[in-house]
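In the two complexes below, chain A is the common chain; its partner is chain B in one and chain C in the other.
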Partner chain A sequence: MGLTVHKYDAVVIGAGGAGMRCSLQLARAGLRVAVLSKVFPTRSHTVAAQGGIGASLGNMDEDNWHYHFYDTVKGSDWLGDQDAIEFMCREAPKVVYDLEHMGMPFDRNPDGTIYQRPFGGHSAKYGEKPVPRACAAADRTGHAMLHTLYQQNVKSKTTFFVEWMALDIIRDAEGDAVGVTALEMETGEVAIFHAKCVLFATGGAGRIFAASTNAFINTGDGLGMAARAGIPLEDMEFWQFHPTGVHNAGVLLTEGCRGEGAILRNKDGERFMERYAPKLKDLAPRDFISRCMDQEIKEGRGCGPNGDYIALDLTHLGAETIMKRLPSVHEIGKNFANVDVIKEAIPVVPTIHYQMGGIPTNIHGQVVVPKEGNPNTVINGLYAIGECSCVSVHGANRLGTNSLLDLLVFGRAAGNHLVETALASRAFKPLPANAGDYSRARIAKLDDSSSGEYPQDVANDLRKSMQLHAGVFRTQKTMDEGVVQVLAIAERAESLSLKDKSKVFNTARIEALEVANLMEAAKATMVSAAARHESRGAHSVDDYSDSVEFPLGRNDKEWMKHTLWYSEGNRLDYKPVNLKPLTVDSIPPVKRTF
Partner chain B sequence: MITDLQLSKLRWRCRRGFLENDLILTRLLDRRGADFTTEEHEQLLSLIALDDNDLWEIIAGRTDVFPAGADAMVSILRQTRVTH
Partner chain C sequence: MDKRIFEIYRYDPDTDAKPYMKTYEVELDGSERMLLDVLMKLKKQDDSISYRRSCREGVCGSDAMNINGKNGLACLTNMLILPQKITLRPLPGLPVVRDLIVDMSQFFKQYHSIKPYIVNDTVPPEKERLQSQEDRDELNGLYECILCACCSTSCPSFWWNPDKFVGPAGLLVAYRFVADSRDHDTAERLDNLEDPYRLFRCHTIMNCVDVCPKGLNPTRAIGKLIEMLVKRAA
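== the complex of A and B ==
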């Protein structure tokens, strides 16, 4: 039986901030755009973002894009591509004002300008002093952004396919992307979306770890689809730990807490960040703070009966500031830690939060792969934006608020690139004769299974293993063991079994398909991590510690390069970091201190 | 009692945009999803049709403004929240 074919100029997979910013640009240009989403658009994970969007508006204190550029390069521990970083920081004010014009309800200063709050890693005068750079809508920034973008998309006639799960990319004989297959949950049927271009905006894979701030939906589907289609995944060893995940729950306390003045204390009540980062203190970047917290705990200065957490103290801020600026933090304290943050400190630990790596792209969002000596050869018709992509502006460590910015800048840039390269007048490339067969075979295998393990059992084992072997404490030995274990778990995931074989809204079947994607993301992470013999940004390995030759364990001579992991053959390749910005001087690598 | 299909749909629609809601709703479904009455099911549907932040404000007890007739499910959710 033939599959139903839907035909659109562009098909965007994902209705989070990145997907909807891009679809808006396309729909406004009069293109026929389909946006597929596993969940209702405004329930995408972007809704979780509370802290803000980074842009050097300079509304509170002197700021400009050069300072933002410097902070981002340094934050990335010199693994970020400086052309992409310059592009993002220069575009930042533009995309924020764009949102303002669309009706985004930003917090305001008394003079009517957008209020900006301080955030970790944001500095003026090249690291001299903290500067408020985060533009927020109370602690509902992501929510406000999604609603603004959704309304604008509806107005511009974007077509949404809600509760549709994209399964696989369709590439033709020349390797160009010509569509995707997708499963409609309501009917259980697979259909083809035939398009002139396919854009991935599927978010991160934070659910490969057991302790995560991410919602359950973040299963790295775009990464799985790319990996299965022969596209490498870049820099997957770099995962950001958020310093302030609630101990034992994972729920995130926004960095806005520290922006508003919250302090991290050890069991002696000491504000220990003063020792590690005399200038930025509690506002130093996330990876740095996470490691300092880790060190305090390891050296016996952790809090609580087991000495296994750090105390985040907001009590000095006063009830009024807490309730006005950080109401959700108050709620989270009550509900997930049984603590009233107005009166007492809340237990926190570094928790998995953000995936710096992803599908390799250039600054237009085009997916790029090594081919015939060029490490960045474009795959025609394929784009990736947002957390699933690696452009790479975050390098080895992302600065807070730079993700929402990344979604807006590169979502818009990808849209602009397609409009400027005359997508409207381009012809559709024909679908290959076997389009859809691969996805159908994957589903048939699940439906025909009569024995095997349940998807969630295998996924839980994977999460536990990743937590143990690729968590905030990394050693060469644990990573090497992790590779063996994760590959064995992935093998088990090859023969999953479903109890329920029904077609209509079969959640277990959807979860089994997600597990396949989790496996690709986890293998990429584990294998890339074990191969990188240095410490850099979020990849901090005990074996590669501070030395005269390699300050803080970073080995620029051998390892200032991007990792590329291929699913086929589980093999690695590398490509150079672009240290050349678009118009300004390069920021030369130095030891990262704060 | 709700059907398997209704429960399966509910499970999917209880996949939310942020972790707080995921944790509480999953806890609720695991504990008693299969035993929901038609009325409880309908009440939960009306609540999960809300945006994540609005839903969370209700679950967290920050607001008592919620869809008419959902009182019983709101108290069940709040109870689920505090009984770890």
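== the complex of A and C ==
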């Protein structure tokens, strides 16, 4: 039986901030664009972003993109590619103004300009003092942005396929991407999307960890699809722990709390960040603060009966500021911690939040892989943008507010690149004869299963193992053990059992298909981490801490390079970091202090 | 041990001639804070129970359902406030796809019908359009809607005329754009609502206000729209 074939100029997988910024650019140019999403577009995880969008508008204090560029390079611990970082920071004001023109309800200053708040790692005059750079809509910036982008897509008549899960990339004999297979959740039917180009905007895989701020849908579907199609994943060892996840609940409390003046305290009530980061204090970058918090807990200064959390204190901000600038934080405190943040401090712990690595791309969003001596050879017809991609602007540690910015800048850039390279007038490449067979076989295997494990049991074991072996502080020994364990769990995931074999909106089947993607993301993370023998950004390994051998806490001579992990053969490769910006001088590596 | 009894609405159109209620028992161990946590535990017992969920913190709007007769989000419904016996049904008034999953086409069709995007045909400045803090404050309580449909599917006027009455969610967003100092389409937006059904079917029953998980007040927004239409006619 043949599969239904849908034909579009461009197919965007994922309707979060990156996917919808891109589809908007394509739809406005009159291209036939389809956007596939597992959930209704406004339910994508961008909706949960709270704090702001980084852009050097300078509305409240002197700022310019050079400072933003410097902060981002330093924040990345010199693993970010400086060409991409320059591009992002220069474009930032433009994409924020664009979004405002689209109706985004930003908060305002008395002069009517966009309100900006300070955020971790963002400074004026190259690290001298914090600067308000995060353009905010209260603490609902992601929600406001995602709804605005959806609304603009409605206006531009983008075609959405809502509650469709993409399964696999279709590549032809030359290796070019010519479409994807996808499952319509409501009917359980598989169809083919034949396209001149496929854009991945599938978000991160934050659900490979047990304690995560991420939504349930963040299962790394794009990473799984890429890995199965022979495309390497870049820098997957770098996972951001957000300093302030609600203790025992995982729900995020924005860094905007500290941007508005909240303070982290240990059990003695001490503002301990003053000791570690005399200049930026509670607004040092996330990797740095998370490690300091863990250090406090390890040294017996954690709060609570078990001494296992840190207190985030907002009480001195006053009810008015909290209800105006941080209303959702107030709501979350009440709902998930029984705490009124106006009156008392709230228990927090560093919690998995963001994936710095992903599918390797250039600044146009084109997927690039090593081929015949060129580490960045373009795969025709394939793009990746947003958290699923690695361009790499975040390097080893992302600065807060640079994620929403990344979505806007590279979503738009990928769209522009397709328009400028005349996608409309290009011909469709034919689908290979066996297109769809691989995906159908994967589903048939699940439908034919009569024994095997419940998918969520295997996934939960994976999450526990990742939490244990790839946490805030890593050791070579735990990472090596983690590799063995995770590979064994991935083996178990090869024979899952599906009890419910029904067709209509079978969420058990969807979850089983997601588990396959989680496994690829987790293997990439664990294997890449164990191989990187240094400490850099979010990858902090006890064995390679600040020492004579590693004077910067990292080993630039041997390890200033990007990891590439291939699923086939569980193989690693590396490529150089681009230290050369587009127009300005390179920022040379130094020791990171704040 | 805290034992709870669930009555869950079950329906798979491929195998069930008609919907039925199925009873489940579950022991809570104290780690389940919200109803969604317990639903996930139940799904482990019976993986065929189907519902939508994503963010688990009340911002994505996926897991709206009818909980003991009242619409709400499973992820924001604390187990402590629920009785021992819990009845879960899909949102009322919309066609059921399966179990707790409803077909929301009609709901989104109404949302799309109010032109849910800013209209301003003047050439934008190089930087942001300026907006005073007072004008921006007008949008509070309007832009925060998460499109979960708790309100519209608790509204008798929407049950009776889902194809003709925009419903509280769509009207809240309609007013969000009318209230935006940057929007230039007020006259057309009001024309679009001047109809015996689209706006005026609201009978201020206020179920929408009662169930909104974000604490928003669609009835007030509807009142403002009616007031503007009345003023315009005078």
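The rule is short, and it goes like this: the second predicted complex is superposed on the first by the 592 of 594 C-alpha atoms of A that agree within 3 Å, B and C clash if a C-alpha of one lies under 4 Å from a C-alpha of the other, contacts with A are read in each partner's own complex, and residues count from 1 in each chain.
We adopt the following convention: a contact is a pair of C-beta atoms (placed from the backbone, for glycine too) under 8 Å apart; a residue touches a chain by one contact, two chains touch by 3 or more.
Keep in mind the model is a prediction, meaning the values are calculated, not measured.
Asker: So, does A:N517 touch the first partner chain B, the second partner chain C, both, or neither?
Answerer: Touch partners of A:N517: none, neither chain B nor chain C.
Asker: Once chain A of both complexes is superposed, is A:F106 in touch with chain B (first), chain C (second), both, or neither?
Answerer: second
Asker: Looking at the overlay, what does A:Q366 touch: chain B (first), chain C (second), both, or neither?
Answerer: After superposing on A, A:Q366 lies clear of both chain B and chain C.
Asker: Can you tell me whether chain B or chain C touches more residues on chain A?
Answerer: Larger number of chain A residues touched: C.
Asker: Just to be sure I read the superposition right, which of the two partners does A:K334 touch: chain B = first, chain C = second, or both, or neither?
Answerer: A:K334 contacts chain B only, not chain C.
Asker: Thinking of the overlay built on chain A, is A:S439 touched by chain B (first), by chain C (second), by both, or by neither?
Answerer: In the superposition, A:S439 touches no partner, neither chain B nor chain C.
Asker: Does chain B (first) or chain C (second) touch A:H143, or do both, or does neither?
Answerer: Both: A:H143 reaches chain B and chain C.
Asker: Touching chain B and also chain C: which chain A residues?
Answerer: 39, 42-45, 47-48, 140, 143, 147, 215-217, 249, 251-252, 331-332, 335-336, 500, 502, 504-508
Asker: What residues on chain B touch chain A, complex-wise?
Answerer: 4-5, 8-9, 11-12, 15-23, 26, 51-53, 56, 60, 62, 81-82
Asker: Quick one: in the complex, what on chain A touches chain C?
Answerer: So the residues of chain A in touch with chain C come to 39-40, 42-45, 47-48, 57, 93, 96-97, 100-103, 105-114, 137, 140, 143-144, 147, 151-152, 154-155, 186, 215-217, 249, 251-252, 328, 331-332, 335-336, 454, 456, 498-500, 502-508.
Asker: Spell out the residues on chain A that touch chain B in their complex, using ranges where they run on.
Answerer: That would be residues 38-39, 42-48, 140, 142-143, 147, 163, 185, 212-217, 249-252, 327, 331-332, 334-336, 500, 502, 504-508, 510 of chain A.
Asker: Going by the contact rule set out above, which residues of chain C touch chain A in the complex?
Answerer: 12-15, 33, 43-44, 47-48, 50-62, 76, 78, 97-99, 101, 104, 108, 112, 115-118, 120, 124, 126-133, 135-136, 139, 143-144, 146-147, 177, 180, 182-183
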